[in-house]
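Listed below are the structures to be examined.
Both of the next two complexes hold chain A, though its partner changes from chain B to chain C.
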Partner chain A sequence: MSSDSATFDLTGSFETYNLESSPSDTITMSKSELLSHFELMYTMRRMEITCDNEYKARNIRGFCHLYDGQEAVATGINAAFDPEDSWITSYRCHCTALARGGSVSSVLGELFGNVGGQTKGKGGSMHFYNKAHNFFGGQGIVGAQVPVGLGLAFANHYNATPGKPMQVAIACYGDGAANQGQIWESANMASLWKLPMIFCIENNHYGMGTSMDRHSSHSDYYKMGNHIPGLRVDGMNILAVKEGMRFVKDYVGGGNGPMYVEMMTYRYHGHSMSDPGTTYRNREEIALTRSTRDPLEFVKRTLIEANFADAEEIKEIEKRIRKEVADEVKVAKASSPPTIEPHLFEYVYTSGGGKEQNEFPPHIRMPDFAKSKFY
Partner chain B sequence: MLLSKVPLHSRRIAANQIRSNARTSSTLLEPTAYSSSNPEPPYATLGSTTKLNLFSAVNSALKTALETDPTAILFGEDIAFGGVFRCSQGLRDEFGEGRVFNTPLSENGIAGMAVGYASAGGTAIGEIQFGDYIFPAMDQIVNEMAKFRFRSGNQWNCGGVTLRAPCGAVGHGGLYHSQSPEAYLAHTPGLVVVMPRGPRCAKGLLLSSIRSKDPVVFLEPKVTFTNVSIWLRLSYSHLRCFIFQILYRSAVEEVPDADYEIPLGKAEVMREGTDVTIVGWGAQLRTLETACDLAAKEGISCELIDLRTILPWDSKTILESVMKTGKLIVSHEAPITCGFGAEIVATMQQECFFCLEAPIQRVCGYDTPFGLVYEKYYLPDEKKNLDAIRKVMELSR
Partner chain C sequence: MATSLAKTLLTRAAFRRYHQASSLLRPTVVASSSPSLNLRRWFASYPPHEVVGMPSLSPTMESGTISAWNVEEGASFSAGDVLCSVETDKATVDFEAQDDGVVAKIIVAAGGGEIPCGTPIMVTVDNAGDAGAFKDFTPEASAPAAAPAAPEPQAATPAPTPVSATTPAVATQPAPSSGDRVIASPRAHTLAKEKGYGEISALRIVGTGPGGRIIAQDVLDYDPSTAPAIAEIAVAQPAAAAAAPAKAAAAPTPIPQPVAGAGYTDYSLPQSAIELASRLHSSKKNVPHYYLTIDLSLDSLLELRSNLNSTMKDGGITVNDLLLKAAAAAMKTVPSANASWMDSFVRVYDSVDINVVVGNGSTLYAPVIRDVGSRGLKAVSDDFAAATSALEENEETPTAAGFGDVGTFTMVNVGMFGVKSCAPIIREPQACALALGVIENRIVPNDDVNSEETYKESVMMTATLSCDHRVVDGAVGAQWLSAFKNHVENPMTLLFFFHFILGSLQIFIYNFFTPIWIRFTPTKD
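Moving on to the complex of A and B:
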C-alpha cells in the first residue's frame, strides 16, 4: 500500500432498507483528501466554539444553532457531491455554508449583523446561501426546506442530459422535523416522479428539548419512506458518510427515484444558545458521546493509523487553523452594519425592470421620518 | 398514546359537574366600567392578587381553565416541560400527561387536532411555539377551524378551540421570530383574534377565549414577557436600552387570583383625552403610552385605546372617541400595507368623515421582511408616533 492512500474498513457503518445493493464495506482515500476533510471539520469545530464565545460576549444576538458534533455529516456529503448538486438544509446551517464555499468571516460577519456577512446581515444565524455552490440555504421554518428540495430535484431531473447521471438534490432536516406533514407530501411526489431527491435526516436524537421517543412513533428514520429505499449511516464517521453518500448519489442520480438517508449523529451544544442542553439529557450521555464517538477524534485516529500524519503534525494543523479562524473573526468584525438606505428596502422585490434601485412605491414606504420637520 | 391513559368516561362526568360550578364562580368584567376616569375599577372587586408577568398570568389562566373544565387539554411543542416561554410551567405535573402533553413538530396537525377535539365537544388549547409558525397551520385555521359552524349549518362547531402563539418583535428575533400575523388571521370570518397588552388583561382575555363559543387565536406579545431568556436573550447593545425599557415597565402587574373574564370584542379606553385618539394593541401600547406622555408635555391630550380583540373589532368605542377628538392615529408593528390599521382607517373615514379635523395617520412597520439588523428602525417607536401626533395637531389648526 502506498503511503499516499489507504483503504479503510466500513463494516457496520450502514443499514439498508428496501435496497438490493449497498455501499461498499471499504473506502480508499488519499492522504491529501483525508487531511482536507480533517481541516474542514476542525475549522467547523473552531468556528462553532468561536460563535459560542462571541455569543456569550454578546457580540452575536438572536437565534444561533450550533453544529458541533455533527461536522462529519456536512463534510462527508460535500465530499461525495459535485458543486452542481443542489443542497438545502435547516437553520443549523453554519457549517454547511462553510462546506459549500463559505468562509469563516462570511459566516461570522452574518452573525455579527455586518454587511460582510453572507446575506449582508439581513438574516443572521439561520440564513446562509451560496448560489455559486448550489446551496439554497438554511430555513427558519422547520420542514419547509423539504418540499423546496423536491423542487430542486425536479429541476435537476428536468434539466438532465439524457443518458447521463442526473445531478441530485439533498434536503437535510432533523429527527424532529421528520414528522412535518409537508415532508410526507414531498416523499410521495419524489417517489411518484422518480426524482433524484435525497431525504437526509440528521438524527441527533432531539428536537429541541424533546427526545426522539417522545416525538416520533417511528425511530427508524431511514425506513420512514415506506417503499422508498433507505440507508442508515454512522454520521460520526466521515469515511462512512462519504462512501454512503457516494452510493446514494449514484443511486438517485441514476434515475432510480429518491432515497431516505438517516445520519446517526449528535449535537454537543444545546438546541440554541440559550438552551444549556442538559435539562432533558444527562451530562453522561454527552460525555460518553464525546469520548467514544467524536467525529474529529475519529479522523485524527484514522490519520495516525494510516500513517498520514503523526500527532505532532496534527497539532500543528490545529494550531494553524485556530489562528486562521481567529484572523477571520477579526475580518468579520472589521465590517460594519448595513445602512438603512438602501439595504432595508432592497431585495424585497426585483430591482430590475429599468426602475431605480428601489422597487417600492414610496407611498407604502411610510413617511421619511429622518426628513420630517418634527422628528 | 398519552391520551389513552386518561379514563375518558369518568372525565366526562366530572366535566359536567365542574363546568356548572365554574360558570357560576367566574366573574365577568363589564366593559362599561372602563371608560371612567378611574382606570380599571373592576379589578379591585376581585380580591387577592399576585404580582405576575405576562407568561405567569397566562399560566394562571391555563391552570384555571384546566381546573374548571376537565375536558380542557393543553398541547403543543415542548409544552409539557413548560414551553419555550414557560407558559405551561408545572401544569403537566399538576394535571397529568393525559391532559398536558407534547406534540411532534406538526403545526397543521396541532391546529387540525384542536378542531376535531373541539368539534367533539372538548376544550382544546393548542400552542403554536411562535406566531411565525402559525403559517404552516393556516390551512386548518382558515379552511377548517373558521368555517366549521357556517359550513355545517350550525350542526358542528369548534368553538372549544383556542390557539395560543407568542408574537411580535423582541429586539433580535429576525425574520422568523418577530412577525405579527394578526392581519392575516383577521381576514378570516369565523375566527376571533385576541391580543392582550399585559398580564392582567391577558388572564381575563385568555379565560374568555378558552370559554368562547367561537375558535380563538390568542396572540401573546413576547416583549411583555420578562423571563424570555430561557431561549432568547436580549443582548445587542444599541437595542438593549430600548427594549428593556419596554420590558421592565410592563413586566409585572397585580393579577387577581380569582377566575375572571374580560369580554371579547370590546376595546378598552386606557387613557381619556380630548385632542387625538390613538388606537393600538398588544405590546405596541407600551410605545403608545410613552408617545402620549411625550405629547402631554407639549400640552396635547391623547385618548389611548387598546383594541384587545382584533376580530371582531369594537368600532363603536373608537368611533365615539374620534367623534370627540376629531383626530385618529392607528399604530401597529406589522407591515403597514393591509395591516389591521387599514381596516380601522377605512371604517372611520366612512363613519365619521365630517368630524375629522386631519387626515388619519398610520404609524406601522415597514413593508419589508423583518431583517435582523433593522429591528430598531423597523419598529414604529414612540418618536414616530409623536411625530404623527404633532402632525395631526398642526393640520387641524
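Moving on to the complex of A and C:
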C-alpha cells in the first residue's frame, strides 16, 4: 500500500539572508517518521484543546498560553535536533515540554497543579523544565529566555569535543519579543565568539494583541541580525521546518556562528486564555488559516498523497490519540496537589542544606561569609 | 437471528453506557457503526457524546447568560465557529468551538437567565447521525466542574459541628475541617512537631504574627494544660443555635484589661456591647430609614415650665419631660407612627412607651417610660427622674425596672454636647426615633407687625425624626413632626390630653392623611 519513503518538494519554503548556501529544496522522509510526526502534532493539538476546555471548566487557573496552530514548529525542531541540543523557549511551552521528555499527563498534571506534574505542581503553565532532556523552560518574562539560551550555547561551545560538531542551543521567542534589548546584546556576544546559538523567532504575527505592522518597524525578523545570517521558514509545513532546522544545525554546529531563524506560523487561540483572540483580528482570518494553512491538515494531505496512509488509517490514529489524551487527562486529574510536608520545601535548597554547605570548586571564589555576614 | 442481534446491541449499549460520562472530555468509542435510532432508544443509552457546560470565558467569570445561540440542533460546526454568545458581567463574549462536531441538543435556551459556570448547556456528538437520539436528553448530574468546587466551601464552613455532650473532650474536636487552612509559619509547624503537640491546626492557638499568623513565639508560649478547657467548653455547648443566648445566660465574666500593642490598644468588649453593636447593625441594615427635620421654637414651652415649677411644690419638671409629653401627644394625633413592622402586618400600639436614651459617661442606656400618653406630666417626670437617679447610683449594669425593656418610640437628646441635630438609628421593632439638638438662641424673623425690629431672638431647637418607611411613609412622618412642633410651640395643648374625650376629637381632625396600609384594608364581603 505504501512505499517506505518519499521525497517532498520544498520550493518556496525558505528565504535566506546573508547566506551562500540554503536548505535543500527537497526532503526525503520515511513513512514511519512522518507518521510519528503526525502523531506528535496531533497529540499536541488535542492536548491544547483539552487545556482550553479544562480552563473553561475552571480546573486550570492562572496563566495558560496555548500553542495550537504552531505545532509544526516544535515538532520540526525536535525532529532535526539531537536530544543533547539545548532548547529554551517562552511561556508558550506546553508542546515543547511534551516533545522534550514530557507526557500529556505530566503536562496537564502540572497545569492542574498536581504533584504528578512535570515540575511537581509548583511551576504551572509557564515553568516547565526537563534537564534530563535538555529542555530549559518555560520562561515567564518576555524575551528573558534568549540570554539564558546564549549561556546554554556558551556551555555547549565550552564542552564541545574537538573534531565533532558542537551541540547547538536554540532560544524560541515570539515576534513581540524580538525587539527586546537583551536579544541584541545576546546576538552580539554570539556573533563575536561564534557560539552555536540559534535565535528562533516564532512569528505568529501578533505580539499579544498588537499586529506585527504596529509593533515592529522592521518585520523581516530573519534579517534582524544585521551581519548574522538568517533564514525564513514556512512554519506551517513540518517538512520545511525539519529541513530548515537541519540546515541551521549543520551551519551553526559547524562553528560558523549564530543564525537567526524566522518561523512563519500562526496561533488560533488568543495570546492567553483571558484573550478571546478576536478583538484584534478577524474570525475570517483565523478560519482562512485553519482551512488553508493548518499544519495538521498539511501532514494528513501529505501522508495521503505519498501513499503512506489512507484516510481511514488517519482517522483511526486520530481516534486512538484522542482516547489516549483523554486517559492521560484522567491520570493527571487523579494526582493530588503538593502538600506542605514534604513537597513545599523540596528543591528550594540543594540537597544537604543551604549555601554554607555547598561545595564549590576551588577556582570559584566565593565571598568570605565570616566577614561579610549581613544576611 | 433477532436474539443474536439483541445480544450484540446489549453489549454495545453496555459499552456505550460505560463511556457515557457527563464530563467535558469524553473517551471515544471504537465501534463506530451503529444500528438504527429506534433500537438505541430501547436500551435508553446514548451514543458517544459530550455534555458541554457553561464555560468560564474569563478567569473571573462565575456565571453567565446565553444571549444568543449561533447554531441549531442538528447543525454541524467546525473548529473556530461561534456556538453561542455568552453575556458575562463584563462583556458579551463569543463561545467558540474547539473541535468539529454536530449539535445534538441545546439544553439551555437563549435568554434563560444567569446560570453558573459548569451547568450543562448543550450536547455535541461527532456523527451527524447520532444527533437525533438526544431529543429527551436531560443532564443526569451537575457538571463535575461544579462538584469539586462545591464540597470545598461546604467543608470549609467553620464547624459548629453538633457535638453531643457525651463525646469526651478530645483535643482535636472541633478542629477546623480539612478545607480550612491554618496560617502558621514553617518554624511554628516544626516547633509544634518537635514539642509533640502534633498538628498545629488542632491546637487552636491565636496567632500574633502578621495577619493573625501563628508564629514560633506563639507555639513556645502555648501551654497545653489550658487546651482541654477550651475543647471542653466547645463540646459542652451543643451548638444547635447561635452560641450568643447561651453565653448571655451565663454569669458575666470580668472584662479583661485593654491590651496594648505597637501603635494601638485593644479593648475587650463585654457581651452587652457586642449585642448592642449587632442590634444597631441589623437595625441600620434592615430598616429603610428616612429623616425629617424641623426647627422648634421653645419660648412658650420654657415659659410654661417655669410657671409649672413655680406653682407646683417640689417642681422638678424639666424641658425633657415636656418634650416627652409633646411626643406622646403627637402620637395621639398620628397614632400610626406608634407602630411596629411585623413583616406581614403592622402592629399599632395603644399606649406610648418611650425609650429615653441616657448615658452615664461611657455607656448608654435607654430606660422605658411607660404610657406617657395617658399619664400625667408629673408622673412622667417622676419616672424619668427615678430612672436617671438609678443610673447615677449603679456604676455597673443598672437592674432597675424598665432598663432593658423596649418601648414603642425612642427619644435621644444630644443637645448637651452642642450638637445641632442628629439622625438617630431606629431601634427595632419600633417605627420612629426622635433626636433633639441643642437649645440655643437664634435670630428669627419678627412676626410682630407692630415692632420696629425685623428680627427677634428666639430659643430654638432642631428635632430630627427617623422613620421606618415600611410603617410610616413621608406624609405620615411629616404629619407627626408637624403635630409635635404644634404641641411644643403651643404647650397649652398638652393639657388637653389629660382628658381622653378631647383627645379623640383631636384624632378626628388630624387624621386626614392615613398611611397606605390602612387605606388598603380589605372590605368585608
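Throughout what follows, the second predicted complex is superposed on the first by the 350 of 375 C-alpha atoms of A that agree within 3 Å, B and C clash if a C-alpha of one lies under 4 Å from a C-alpha of the other, contacts with A are read in each partner's own complex, and residues count from 1 in each chain.
Methods note: contacts are C-beta pairs under 8 Å (C-beta built on N, C-alpha and C of every residue); 3 or more make two chains touch, one makes a residue touch a chain.
Note that this is a predicted model, so its numbers are computed, not measured.
With the two structures aligned on chain A, chain B clashes with chain C. Touch criterion not met for A:132: it reaches neither chain B nor chain C.
When the shared chain is aligned, chain B comes close enough to touch A:209, but chain C does not. Of the two partner chains, chain B and chain C are each touched by A:61. In the superposed pair of complexes, A:337 makes contact with chain B only, with no contact to chain C. Of the two partner chains, chain B is the only one that A:143 touches; chain C does not reach it. Contact comparison for chain A: of chain B and chain C, B touches the greater number of residues. In the superposition on chain A, A:327 contacts chain C only, with no contact to chain B. Annotation: chain B segment clashing with chain C after superposition, chosen from 112-120, 220-228, 274-282 or 346-354, is 274-282.
Within chain A, the residues touching chain B in one complex and chain C in the other are 55, 58, 61-62, 273-274, 340, 344-345. Interface residues of chain B facing chain A in the complex, by the touch rule stated above, are 1, 77-78, 81, 102-106, 108-109, 132-133, 135-136, 171-177, 229-237, 336-337, 363-364, 366-369, 371-374, 377-378, 383-384, 386-387, 390-391. Of all residues in chain A, those touching chain B in their complex are 55, 58, 60-63, 113, 121-127, 140-144, 176-177, 179-182, 207-210, 214-217, 271-275, 279-280, 337-338, 340, 343-345, 348, 360, 364-367, 369, 372, 374-375. By the touch criterion stated above, chain C contacts chain A in their complex at residues 24-28, 30, 53, 55-59, 78-80, 82, 93-94, 98-99, 117-118, 143-145, 148-149, 186, 189.
Listing the residues of chain A that touch chain C in their complex gives 49-50, 52-59, 61-62, 268, 273-274, 276, 278, 283, 286-287, 290, 319, 322-323, 325-327, 329, 340, 344-345.
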